[in-house]
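Labels run A, B, C, D, E and F following the written order; every chain starts at residue 1.
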Amino acid sequence: MPAIFDPEADILSGDTADVYFIRAQEILRQEDLNPVVTMEVFTSREGLLCGMEEVLALLRRVLPSESHVWALREGDTMTAKEVVLRITGPYGAFGLYETAFLGMLAHQSGWATAARECVHASGGIPIISFGARHVHPRVAAQLEYAALVGGFAGCATPAGARLGDVSPTGTIPHAMILIFGDTVEAIRAFDRHISPQVNRVALVDTFKDEAEESLRVAAALGDRLWGVRLDTPGERGRVTPDLVKEVRARLDQAGYDHVKIVVSGGMDAERIRLFVERGSPVDAFGVGSAVSSAPPIDFTGDIKAIEGKPVAKRGRIPGITENQRLRKIDLSPD
Amino acid sequence: MPAIFDPEADILSGDTADVYFIRAQEILRQEDLNPVVTMEVFTSREGLLCGMEEVLALLRRVLPSESHVWALREGDTMTAKEVVLRITGPYGAFGLYETAFLGMLAHQSGWATAARECVHASGGIPIISFGARHVHPRVAAQLEYAALVGGFAGCATPAGARLGDVSPTGTIPHAMILIFGDTVEAIRAFDRHISPQVNRVALVDTFKDEAEESLRVAAALGDRLWGVRLDTPGERGRVTPDLVKEVRARLDQAGYDHVKIVVSGGMDAERIRLFVERGSPVDAFGVGSAVSSAPPIDFTGDIKAIEGKPVAKRGRIPGITENQRLRKIDLSPD
Amino acid sequence: MPAIFDPEADILSGDTADVYFIRAQEILRQEDLNPVVTMEVFTSREGLLCGMEEVLALLRRVLPSESHVWALREGDTMTAKEVVLRITGPYGAFGLYETAFLGMLAHQSGWATAARECVHASGGIPIISFGARHVHPRVAAQLEYAALVGGFAGCATPAGARLGDVSPTGTIPHAMILIFGDTVEAIRAFDRHISPQVNRVALVDTFKDEAEESLRVAAALGDRLWGVRLDTPGERGRVTPDLVKEVRARLDQAGYDHVKIVVSGGMDAERIRLFVERGSPVDAFGVGSAVSSAPPIDFTGDIKAIEGKPVAKRGRIPGITENQRLRKIDLSPD
Amino acid sequence: MPAIFDPEADILSGDTADVYFIRAQEILRQEDLNPVVTMEVFTSREGLLCGMEEVLALLRRVLPSESHVWALREGDTMTAKEVVLRITGPYGAFGLYETAFLGMLAHQSGWATAARECVHASGGIPIISFGARHVHPRVAAQLEYAALVGGFAGCATPAGARLGDVSPTGTIPHAMILIFGDTVEAIRAFDRHISPQVNRVALVDTFKDEAEESLRVAAALGDRLWGVRLDTPGERGRVTPDLVKEVRARLDQAGYDHVKIVVSGGMDAERIRLFVERGSPVDAFGVGSAVSSAPPIDFTGDIKAIEGKPVAKRGRIPGITENQRLRKIDLSPD
Amino acid sequence: MPAIFDPEADILSGDTADVYFIRAQEILRQEDLNPVVTMEVFTSREGLLCGMEEVLALLRRVLPSESHVWALREGDTMTAKEVVLRITGPYGAFGLYETAFLGMLAHQSGWATAARECVHASGGIPIISFGARHVHPRVAAQLEYAALVGGFAGCATPAGARLGDVSPTGTIPHAMILIFGDTVEAIRAFDRHISPQVNRVALVDTFKDEAEESLRVAAALGDRLWGVRLDTPGERGRVTPDLVKEVRARLDQAGYDHVKIVVSGGMDAERIRLFVERGSPVDAFGVGSAVSSAPPIDFTGDIKAIEGKPVAKRGRIPGITENQRLRKIDLSPD
Amino acid sequence: MPAIFDPEADILSGDTADVYFIRAQEILRQEDLNPVVTMEVFTSREGLLCGMEEVLALLRRVLPSESHVWALREGDTMTAKEVVLRITGPYGAFGLYETAFLGMLAHQSGWATAARECVHASGGIPIISFGARHVHPRVAAQLEYAALVGGFAGCATPAGARLGDVSPTGTIPHAMILIFGDTVEAIRAFDRHISPQVNRVALVDTFKDEAEESLRVAAALGDRLWGVRLDTPGERGRVTPDLVKEVRARLDQAGYDHVKIVVSGGMDAERIRLFVERGSPVDAFGVGSAVSSAPPIDFTGDIKAIEGKPVAKRGRIPGITENQRLRKIDLSPD
């Protein structure tokens, strides 16, 4: 999964760093102290590691060549308290970026771990990330990248899709159907103007009963219709496993076996599991909040050696922590 | 609270938008459809509204002058399902940005609501935001801004402090103390090199017992010491209300009544409440994960009228929702 | 609430009595024992008393004129362990009927108590009994009578309505709509053939979206339409408070303010309370299982005096239990 | 288990039917509509099917000979949502009886299912139905019949016993013992006057300690005593597993090994299980409320085909539901 | 409440002290260290203080006259962490007894606190301590003394009664009734041989039904019978509130209003509250395990000053803790 | 485990007996009744039997030689309701001591059972009893004896150690360290004056950080230091599994592998299990309250035969209870 990350100016300047790291840099410079230290970064709890590629891109920019870095791979599972990153280098070169690299790992590992839980629940049915609208647009791409690292099959934004090296996925927004005033008119317009490479998927809960509308759009587009999406709102009882079964049965009875069914709206691992257990014939799930609402997984960075001598603050064990899973990183530019 | 937000290029380009909004724009343009619509944005649950200033900055950039916008104020409380924003304008001008403005509100309102809960628990004791390390550095400033909107007294990053128009706050990182090899040496160096405007706050749990170290740094800096910070790790039982009482008593008995005590490390609303109920003499709390781990508050945008005619998708009530709390927004540039 | 009950042959014959009462009668007759005894009947738990009219009709048939009976009134509340009936008469005249009169009280008080709980929850919105299909047809009328005693405004079966002195209430079964193939055709046929005294209430969840169908039937019958009934099945998420609000809003916006909304399908006290708390504009509820599934309230009969001398079995207190709420019953035929 | 059911006049007249079925019949007749339809009846939850014999007796009375019926057997287990009955025939012939046949199944399946749960708990120890006093006498026989279908060994009323083709079972009521003034006198009178075919079972908790009284009645009747019944009321701590052990031990030590022990009073599956797990030497249980308080199991009837064409209301799948367990019913008179 | 305590030889010798106190005495003597220290003793949780009289008797034996002691009173309530005892004196005089005086307070305060909870529950109905059989006979007297300090009205052992300056209370053991073979014979023998000062209380659950036996003993002793005791074992469902009501009613109906009812057997605060709430006419409760099973309330002794200078170990605040409730103790011999 | 118990005067005199046993003795003597009876003692719940040696020492003193006693062994497990002791002898010889022997078993079995639970949790790591301070000094030795019977490896008081035939164990009290003013000075004084047979164990949480102090005392005593004890108070977060790991690591890194670590302070079975599961390198646990706060296990004595004839009070089964695990006791003096 090739991913190109490029650290931004305000990260490199320390503008988004905790100010005490900025002051520490200044003091140490004034005191002419710049020892080679070993810092270890460990996770607070088990999960799926994500954000490491972006962290390594940052470290490659700032670390002098004589430094050494060991890390787990993007997408590796991690156990509670496991060391996922070890840096040996002059403190003055990377101390300022502790806030940044902890944050990259924390936010993205939280999302990727939640995504993986949905993937485990779906038993092979593909899942698309629909969560961009629940996070700040500055991290929408990172959210979707993390969902892909967690095993999702696709995502909705071009920026996220680019990070994950896939094509973005989408149907038709309710707004457009409302403007056309009829679902069939809207899907016909989509069919007229959008590249044939893009699947035709009709959203069928805007105006009419979902089963009735599914039959109408299938009749209108015939074989060109790839699928329908059910997104029934909570006010109408959300999508239920039985609704999918019924729509499937009515489509099949009318000869539209080729039309797939996409389900979205408040889907999380528990609800996905319910659909799977009930044998509901879903072809793909759309998942948003279940990933975007996942709390970050906190990481901690500890100095464990200074000029080769084991040290640690109270509460931690001095010296390097053994972890055979760490692999040595090549710090030369990508 | 003056805050200056400027939408970035990848937001304005739609690169972080859900792709179906991009396609909808293209289809409607091809069909020559660009009706004036009214969209309402409502919140999924109660909380503190945050992110509206950034949303309005975006809308001012994209909406034509004949548009109309009504909104709640930054920092307003909102009830479940309340409409917080209403836009009337040509759909082609703003439909593309639905992903972005929902996300701005979602992420920041989630953080601000969590911050407010801590503020309610602390009963007037000031709280500083220490959460930047738990979120992606691209949104670290937004996190800290939201904490300030939620009532925090300060924050740790220069970028966040600038959005909130305050000065950044910080003590000394454990790393620097480890490099100096002694807490007293480290605070003395801080005192030598850092501007006298900045408070001297010693972190006292690195090498020695917190009470012993507090007396040592107080003896070293005398009246120039503003306070000590207790950040005892979980491996050592975290900071307890009784530890603060004991450190306070030992400082007072030694004549250091002027030295304040800052408490950090896993503090959340429940734990802050415990300290307050036990009468623990804390002068300030540092809070990180309790804000950064708050889930976003999901928002939804609905088309409720097209060319003045009430419409709505199934499950929603057509037409404008009355809300006297909305105020008309001046769309002219700030 | 005039109600006419007439004990049936198999009750009078003892065929439905516990056989030990039949044998006891035979033994006592053989032993020439027929003392005047006082029996008290008490309830196992609090609730609404129902069935007493039927019990008194039975006692009037079997007790000799010199007997005495005290009882609470039909529809009275009763506290746990309260004596609701006291009979003084020759044991040989009524001992055989203990099974019958305990059963009449038990089953009907259970139903009436459950009905009352729904009535308390509905805050004045009328409720119709739809539970006949969940009980054996031999007691369908008793169930509906008990629901009326508990405060329901109407019921569905002619037999139940007759006991409660009201007219039966009903809309159109799904089966008939399926046979007509269209809801509008079905309600038009109803309108053609059924007496104008009967309200026209269209069931609107058979073929199409409820809101869409409501507007269609309103357009078809105009002012002659009394109301619509929402009975959305669980497979489609049941009726929700929001669905009622939306149908109300769409009917009103189309000028059909006069059309009422009846809600049914799995309604019980808890769910009724939810609709009321959410301000859902329901005009009437239909309730079935919530009453029919109520467990009977067990009653116990105890001999407390024999020929005026206090007696009791172990565990009970000999002699008459004071209860000022009991009123003396006139045993002369109705 | 031969059982003879005969539908009553008020069921055949539709007097206990939901009035909308009556009106639907009238409308369809006026419109000259009487299609051949297929109706399927399914259960809301798993349980033991009971009432089917009575339903088939009704259908045989009303269906024309060209109709077809498939059904599960009386006493079959059913899974949630399983179709238990399928009728194909002219709607005008049986639509009126939907209320009745659903109610027959609902009430009796609820009772039979609860009875079976007690039977599973008792591990082979026979159980007698004592619940007639907790239901309306019009369905006392149906209750006891259902308990027998659920696996009970006997029941208390002649009417119930006749339906189940067994002899009714009973001991001596407390009332009769109180009239005799002594348990020994009462059981002696029973012994004098009741047919030797009937077991002599003495109720031993009326006046004296149960163990003491058991020894007295055993001494009085000797080998003619079949057993004793313990029915200690809640005011005296109910029957406990240890009480049974003690009475058994004292009877055995006095040479009355032949005397059996029957236990009653608030026995349900959980409590029966407790006695069995504790190894309490019970010879038979008497169970009442545990069966009579069981909620009915709701059934639903759906039209699934009209004149051979699959149909269904929204939420259901059109057409016949496959169920290999259904067997074709011979509709010729019994 | 005069109580005379005399420390025993093995306590004074240190034989029951933790050995490290013995060794500390030896080391300090060898080092010629015997400073005047202030020790404070505080409770781990709230409760009723008991054992202080015994502690003070010990301190009077060992402290030199220039020492100072402050303490709460026997029977005082104490809040969590409250200082209940402060000793200023030469450490060598009392350090050895820390194990002993903490233990005296811990065990007895635990019992007294549990007793008080029962007293609060009983609403004025007197309670007798029956718990001696559940503790080692070496502390049976201390247990009963603590129960009296907690508010009990009497106790069962002469040794305990002497400490509490009351007369011991008792009825007749089951063993004696079994030996006599009849409850009436046993109570008659009691009446013949025991001083008339002692109340005649018959235990009535040994052979026969409690109500029946109560009437028999009342008839046998007439006015000389003070009361009956109900102690029904768990195998017979324990004593219930209703059993007391029934026995009361049957005694009253037979003219024995003067006979009191004592209830025992598994009574604790919760169960006492149940009897009181149900209005059960109990004249006295007997309580055993509810007091004897109470866990000790742990106390801690801390050196807070040495030769007048505040000190404390880590975790505690140096110097004397203010507590206005402490009163100065006269150390001269009683 | 040889243990010598000698009944005390106030037990032999009956002064600590329930007074009704004293009175019963007097009545029976007056009536010239002294039958040979069989009494059985059974436990209320499962646990570890302790106190039997002391009971048998008492019975040997009071029973005439023609008596018979069967008992389980000290330290045997017992199941709920199991008979642990059977005495056949003249009632007048032992009836008076029922309170005493039940109490000996109750208190000590409660403690031993709790101790065994800790032993099961510790997985082979030795445990020392530190609970004497939480019980009355009159039973401190019995508590520690019971802990040893339950599997503890040592105890703190000389009296307890003598009963269990071990040497007492202890470190240094906080009080002595406070008097010396420095932990190193205190352990040096211990080392000077206490027999070399006694292990040197330094308590390291009095003044300084535990890790820092451990290194200081190890440097001071070198190879003569046996171990350190961590007893961090709750105000400082108690001892945690991680603290032990850290102290172990820092000791090892400094070359003090021989120094053992003892952990105390609020340790109970659950907390011991936590340390074991986390792999915390503890060498010994000190346990106090977890044993001393265990409730007594109540025992009951029942007369089951009189002069060879089976009897029992209501609720119990007359005659001897079979128990093959009981062994015949030799009543001749030890």
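Here, a residue touches a chain if its C-beta (ideal position, glycine included) is under 8 Å from a C-beta of that chain, and two chains touch if they have at least 3 such contacts.
Quick caveat: nothing in here was measured; it's all calculated off a predicted structure.
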Practice task
Hop across touching chains from chain C and tell me the fewest hops that reach chain F.
Solution key: 2
Problem - Remotest chain, chain E as reference, centres from CA atoms - result: A
Handout entry: Selected pair, out of D-E, B-F or D-F, that shares over half of its residue contact pairs with B-C
Key = D-F
Handout entry: Interface composition of copies chain C and chain E: same or different, split at half
Key = different
Exercise for the section: Take the average of all CA coordinates in chain A, do the same for chain D, and state the distance between these two points in whole angstrom. Expected result: 58
Practice task
Just give me the whole-number Å value for how far the CA centre of chain C lies from that of chain D.
Solution key: 22
Problem - Averaged-CA centre spacing for the pair chain B and chain A, given as whole angstrom - result: 22
Handout entry: Distance from the mean Cα position of chain E to that of chain A, given in whole angstrom
Key = 65
Problem - Two or more partner chains touched - positions in chain F - result: 207-209, 232, 234-236, 242-243, 246, 314-316
Completion exercise
Among line, ring, star, complete and other, the chain contact graph is other
Handout entry: In contact (per the touch rule at the top): chain pairs
Key = A-B, A-C, A-D, A-F, B-C, B-E, B-F, C-D, C-E, D-E, D-F, E-F
Handout entry: Contacting residues of chain A [partner chain F, same complex]
Key = 310, 314-319
Handout entry: Sites on chain F touched by chain E in the complex
Key = 8, 10-11, 14-24, 26-28, 30-31, 33, 35, 37, 39, 51, 91, 95, 98-100, 102-104, 106-108, 130, 132-142, 156-161, 168-180, 189-190, 192-194, 198, 205-208, 232-236, 289, 292-296, 298-299, 301-303, 306, 311-316
Exercise for the section: Would you mind writing out the residues of chain E in touch with chain D in their complex? Expected result: 207-209, 212, 232, 234-238, 240, 242-243, 246
Exercise for the section: Mind listing the chain F positions that touch chain A in their complex? Expected result: 209, 211, 242-243, 245-246, 249-250, 253
